[in-house]
Structures are given as C-alpha cells and as structure tokens.
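Comments concern the structure below.
The chains carry the letters A, B and C, assigned in the order they are written, with residues numbered from 1 in each.
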Amino acid sequence: MESILEVRNLVKRFGGLVAVSDVSFRVQRGQIKAIIGPNGAGKTTIFNLITGVDSPTAGEIRFKNSEINGLKPHEIAAKGISRTFQNVQLFDNMTVLENVMVGRHPRTVSGLLSSALRLPRTKSEERAIHTAAMERLNFVGLDSSSQDLAVNLPFGQQRLLELARALATDPELLLLDEPAAGLNSFEAGLLADLILKIREHGTTILLVEHDMELVMDISDEIVVLNYGKKIAEGTPVEVQNDQQVINAYLGEGP
Amino acid sequence: MGGSGILQLIFSGITIGSIYGLVAVGFDIIYNCTGIINFAQGEFVMLGGMIMISLVGAADLPMWISFPIAVFAVTLIGALFERLCIHPLKKPSILTLIIITIAASILFKGGAMFAWGKQTFSLPHFSSERPISIFGATILPQTVWILGFIAVVVLLLAFFFKATMVGKAMRACAANRSAASLVGVNVKEIVLLSFALSAAIGAVAGIIIAPIALMDYERGMILGLKGFSAAVLGGLGNPVGAVVAGFLIGIVEALCAGLLSSHYKDAVALIVLLAVLFIRPSGLFGSLEASRLKKF
Amino acid sequence: MGAKNRISLGVLVGGLVLLPLFMRNPYYIGVMVFIGLYSLITIGLSLLMGYAGQISLGHAAFFATGAYTSGILTTKAGFAPVPAFFTAILLTACVAFLIGIPTLRLKGHYLAMATLGFGQIVYIILNASVEFTGGPSGFGEIPRIQLGSILIESQISRYCLVWSLVILVLIFSLNLINSRVGRALRSIHGSELAANAMGVNTSKHKIQVFVLSAIYASMAGSLYAHFVTFISPSSFDLKFSILVVTMVVVGGMSSVWGALVGTFLLGLLPELLRNFRDYDILVYGFVLLLIMVFTPEGLIGLIDRLKGAQEKRSLKAQAKLS
C-alpha cells in the first residue's frame, strides 16, 4: 500500500532536552493512525514538526514522496496537510462561518486588489467559498450556529468547529491533536463517528489522543512513544499486549 | 582630532551613557515583573529632574533634602500610575498596555507643561563646576557624581535582588509568575513595587543628569527612547547588560556627534535599536533560546 | 459588503453632502478637511491594527514621505501635482515594503518600538538633510492641485476632493475586509498559529496591509502638502504617529467605523478645547487613559456593550411578562 506520510529518523532537541529521538514511522493512505504515549512523550512536538511550526534537528519528513521539512507551515497546509490543536485555536474575533471560510484559503486565489475591487471572478469565488464552508459546517452539525461568534460556542462545539475548519482546506492528511480532550463520553462517541466518516471520504488521519477507548476503537495502527522514543508500533491488539508499552504506562515492575 | 579629543568625547559619552543605562534598568525592572514595556519610563526621568529643579530653585531647599523628596515624589507617581491604570485591567492585550503607558506619558508630559510651562530649566551642579583634567581631557565634577550615583544604585539593586526577601520575590516573579504566586508571593504587590522602583530609578537618573543636560517638559521622550535602545541592546530584562549597553550607546553617540555629524547624533541609538531588533532581538548578552520563550 | 456597512456608508455620504449646505463658515470646512486627511491614515491603521493585529507607531514617516515627495517633486523637479501624488504613493509603498519585511517579523512591544524608531529616524533625516528638505524650517511654495479646469484652492474644493478620496478608500477597505484576503488578515489577529496551519501566508499578508496603510498615509501627505503649500518636519513627529493611533483606539479597533468615529472626535477635540490652548495634550492623555482603562475596545465597543446589556434587559422583561 502507498504511504502518504513517511517520518525517518526524526530528532528534535530544545537546548539540552531531547523531545523527539530518532523516531520513524509511515502512515498509509486511507489509514487512521494514532500516536500515543505518556505526557511529555513528544507527541505534539511531532505534530509541530510535520506541520512546519518547528523545524527538526535531524531527520526527514516526506509527504506524498516529497520532502516537506524546511517548508513553512502555510506551504505545508497548501500541500494538503491540515490540523487541529490541543488547546483550541479558533479565530475568536470571527463568526463560526468565517472561521471555516478561512480554511478555504489555500484552495482559492483572490488577491488584495481583486478582492478590494470586487471583480466578478472574486465574487463567484466568494460564493463558492461560502457554499463549501457551509457544507463543512453541515458535516459537523454546526450549520445552525454559523452566524455566532466562535468564542461564544460551548467547548465541545469549538472542537467540532476546528475540525470543520481543518476539513475546509480539503486535506489529504488530517492531524488531530487530542480531539477528544475536554469532551464528555457522549461527545467523544459522536467525534469517533465523525472521524470514521472523514476517513470514508478518503482523508487519511493521524491523531494524538489520551482517550484509550477512542484510540483502540477507531485506529488501524498505533505508534507508542515514551520519552521521545518510539517503543512500539502495530495494530491496537499488538500494542496492547506489548510488554514495553505496559511498562511505560504502568511503570516498570520490580 | 588628537587622542585627547577622542578621550574627551569618550568621557562625555560615558556620562550620558550612564544615564541611558539607568533608564534602561528601569525598563528592565518593570519588564521582568510584568512583561510590560513602560513607554512612560522617560517621563519619570523628566519628572525627577523637574521636581528637583523646583525644590532647589523655587523652594530654595538644600540639595541633600531636595534629592530624597524628589525621588519619593516620583516613586509615588509611579505607584499611583500602577494602582490607577495597570491594576484595574482585566486580561489586557499587549496593544492595550502599550497605549496605556503611552497615554500616561502624554499625561505626565501635559502635567509637566501645566506645572512648569515650556521653558527650559537647569539645576546647579552638585559641587564645583571647575573641570578636572585627566590625560589631557577634562571632566566635570558632576560626571564623577553621576558615575558615583550609578555605582551606588547598581550596588544597592544588586544587594536588593540578591539578599532581601522582597528582592528575591521580585526575581521569582520575573522567572515564573504563576509559580511565584503558588509559593505565596503576592504578585500584585510585586507589580506595584516594580513600578515604584523603576520610577525611583528614573527619578535618580533625571536628578543627576539635570545639572549637565537642560530639562524641560519634553525631555523624557528622547531619554526614554535611548534608554529603551540600551535595554534592548543589553538584552531586555538584563539590568547588567543594560548598564553596559548604555555606556556603549553613549560613547558611540558622542563619537558620532564629535567626528561625523551632530545632526545625526540622536539617530545613533535608534539605528542601534533597529539593528538589534532586526538581527539579534535577544541583545548582546541574551541567549537566543531564552528570547524565543519571551512573549514577543 | 453587508447591509450594515452599506447603511453606514449611505449615512456618511449623506451627511458629507449635506454638511456644507448648513455649515457655511470656511473655518469649519477647513477643520473637516483635516479630519478627512486624518481619516485616510486612520482607515489604513485600523486595517493594520484592528484587523491584522499589528501596531505601528511610525506612520508619521509615511505621511511625511508622501508630503515631502510631492513637495520636492513639484517645487524642484518640475512635476505637476497629480503625477507627483502617484510617484509619492509608489515611493512610499517601496519604503514601507522594505521596512516592513524585517519589522513585521517582530511582535508586540518590539514591533511598537521598531516602528517608533523608524519614524524617529525619518524625522531626524527630515531635519538634517537641509539641501533636500529645507531642514527644520521646511520649505514652501508647493503648487496647488489642478484637476482639469478646477484649481483646488478654496476650502470647499479641498473638502470635496479629500472626502471623495476617503469614501473611495473606505469602500476599497470594506470590500477588502469581507473577502478572502480580509478574512486571512483577521485570522492573523485571532491566532497566528492557526492562520498559518490553514495555509495563510501570514508574513505576506501582514506586509501587504502594512504597505496599503502606508499608501493611504502617503495620499494624505501629498494632499496635505498641496493644500497647505508649506511643510516642515514638526508636522511629522512622534506626536503625529501617536495621535493617529489614538484616534483608532479611542474610536474602537474592531472596525474601520470605529477609526472614523475616533478621528472625528479627536479631530474636533482641539476646537472644543480651544480655551485650554496648549494644555490640550493634558486632556488628550486623560481621555486616552480613561478609555483604555475602562473600555479598551473603544467607543464603538462601548456602544455595542451597552446595546447588548439593553437587549438582555428587554429579554428579561419579556420573560417576566410571559
């Protein structure tokens, strides 16, 4: 099977701290893959490296067979990787709909002059952006709050809005950073259904998550990190029975 | 120009540079405790000088009494400013804080114009005005006073931050505000104290410079700007770096005025400021890694 | 553009057309001309500060570049005012672009200080390069603008010219705000991290809007030079940069309308404070401080908040009735 993302010997040091140490893994197209590990294992750092927020100290990240490390975050987004954030990062000053409309940015072209002069081309593009954004809102079930300010949504819906915004960029690979954090079990269940539906539409998903029930339910494969190192990789069943993983989570026995 | 001429320029650079350094220390103290750049810092300097001049000139008080009164008055103004304008804010944005300290500086400037008018004033020298000759160059006794005061202030500050409980609490706040408050440091009071302390330092700077630099209600802005340049060059939040950077800027400025063009003298500090901001925002003595952690 | 903006724009244009019919005193028309010049600058600053979330304390420099380019080209290089106006825009845009690239990488206080430093350096250059700028005493005899057969000399002709330009700039800016580029700008203010992750090239957009706001300031500067026919550095000092920022903040940064409200208010304030003479800066400082401490979102924000409270109250009253 074709791998959409390939991480090779990735290293990230912050001063003396090694946050990610020689980690390699692949994500197959159409997969749902999870990265798990105790706090401080380097999961979010890997996301930041893949999306260009941080640059790796060493190693290589390949997306659709071309190297993407060194690219700027917006360039990586344009290539088809989108993400959500562990601490929700919405545009509080904008409406729910406008938040999702920003997600259409890399798929649209109107520049400053044509926007400000309202050229016909821009007008039709603007309508297309509106329609596409409403579709994504519909998909996550937020269409009725489209005119509310993002900051006024309840927390669970803010997570959904981030998801809709990320989907608006038409990602081929979607990175979800602890999407279920702060959600109750009912909301987490809805989220799991949504993630599965997104995969059905052909989007590959890589997620970091602490909610083990969710991870084991929906993931095809799991990478386990501990202190920045990969200690296991495999199907949920394989990982659950791995002695090193058990040690990492429960503390090593005598 | 001969060697003694250059030496003369360096002396005058050291004199004015020590003032920039002192203003910069004021910036650093507030910045460390609050993350705020106080755009009104230069006005504290101006107020210190002007109040001192009034006490000595109009009220005819002796210098040694006027000095502490002037410092105390400006300290009070700094503390009031914090209580009335900074304290009441709930989760202010950086932009709000910038505008508030700018507004305060306009207000102080306006107040000074109201109180003293637009005239320029000067203060008598602390002791004789007869120049002392060193290696063919001369320095004024006031320069010795200035350097002496700088040394005392720096030593006092070092003692305060290293050896007193309050000073240690301020350093704790600078390192990590929420952790400091967890171990029982009253952060709100520390913020108040930081404003009072930098107002006091600003006032001292204004008082000791007043005899050799004329004072008027508008003097604060340019002193503040140059002080800020020194603070940035020294690495924002690093008082020792600030003093060294102050000397550097003062000397370069004096050399530029003497050897190149006095028109562009005031541009030196600004060009240094922009160069540092563009090339190495952590300053001469700060680490790049640490500056990235700051909220800029 | 949205219905709300269209109504506001209609009200503004209506008011501007009616005003000269009732206010015949050329002195007051002159005040309105200056408010128009300020508005050009504050609309741009509002885009930069309120929408893109970037501060500039150096916009006097762009106002100056416009004024001095127009002034020097028409008095020393034989340009007519209109070509000089456009050359000034081009030059200012280049300056803003070059200074914007390193400056806009900075954030918060550093950005404020860097723009302030830049503004001061330009101010020092204006004072020091005497052969070009006339130094501290400036230079005069800048020709007036000739549009076809009309010479822009009377206050009313200036009023028409400057406010037509303001309306054009306003429409241009409102269109921009509600577009792909405008949303990208606002997203930077909301969360730069997320904006980047959504494919927004934040540095490019920041520079674009910085240059645009500089162009608006340059237009104001050129008009100022040709209206007043005499320029000197004292009109382009730090006080000016702070004044225009103050106008935007007092009115409210959340919309360009706030910038216009602030510009009107602070533009009229000197007229109201004439009895205070020089002490008006005391009042300025005080007003600014009060607004920032008690309603940092500006007057427009205050009005919104009051409206919100009233709506809540009427909802409560309705709930009680039923």
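The criterion applied here is as follows: contacts are C-beta pairs under 8 Å (C-beta built on N, C-alpha and C of every residue); 3 or more make two chains touch, one makes a residue touch a chain.
Computed from a prediction, not measured in an experiment: that's the story for all the values here.
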Chain at maximum distance from chain C, centres defined as averaged CA atoms: A
Central chain of the complex, centres being mean CA coordinates: C
Distance between chain centroids, defined by C-alpha means - chain B, chain C (Å): 32
Distance from chain C to chain A - Cα centre to Cα centre, in angstrom: 40
Whole-Å gap separating chain A and chain B, where each centre is the average of the chain's CA atoms: 48
Interfacial residue positions of chain A with respect to chain C in the complex: 51-53, 72-74, 77-78, 82-83, 85, 89-94, 98, 101-106, 108, 110-112, 115-118, 122, 125-126, 129, 165-166, 168-169
Chain B to chain C touching residues, read off their complex: 36-37, 84-85, 88-89, 92-96, 98-100, 102-111, 113-114, 118, 221, 225, 228-229, 232, 261, 263-264, 266-267, 270-271, 273-274, 277-278, 281, 295-296
Chain C - residues contacting chain B, complex: 49, 53, 55, 57, 102-103, 106-110, 112-114, 116-118, 120-121, 124-125, 127-128, 238, 242, 245-246, 249, 253, 278-279, 281-286, 288-289, 292-293, 296
Residues on chain C engaged by chain A in the complex (per definition of touch): 172-173, 175-176, 179-184, 186-187, 189-191, 193-202, 208, 212, 254
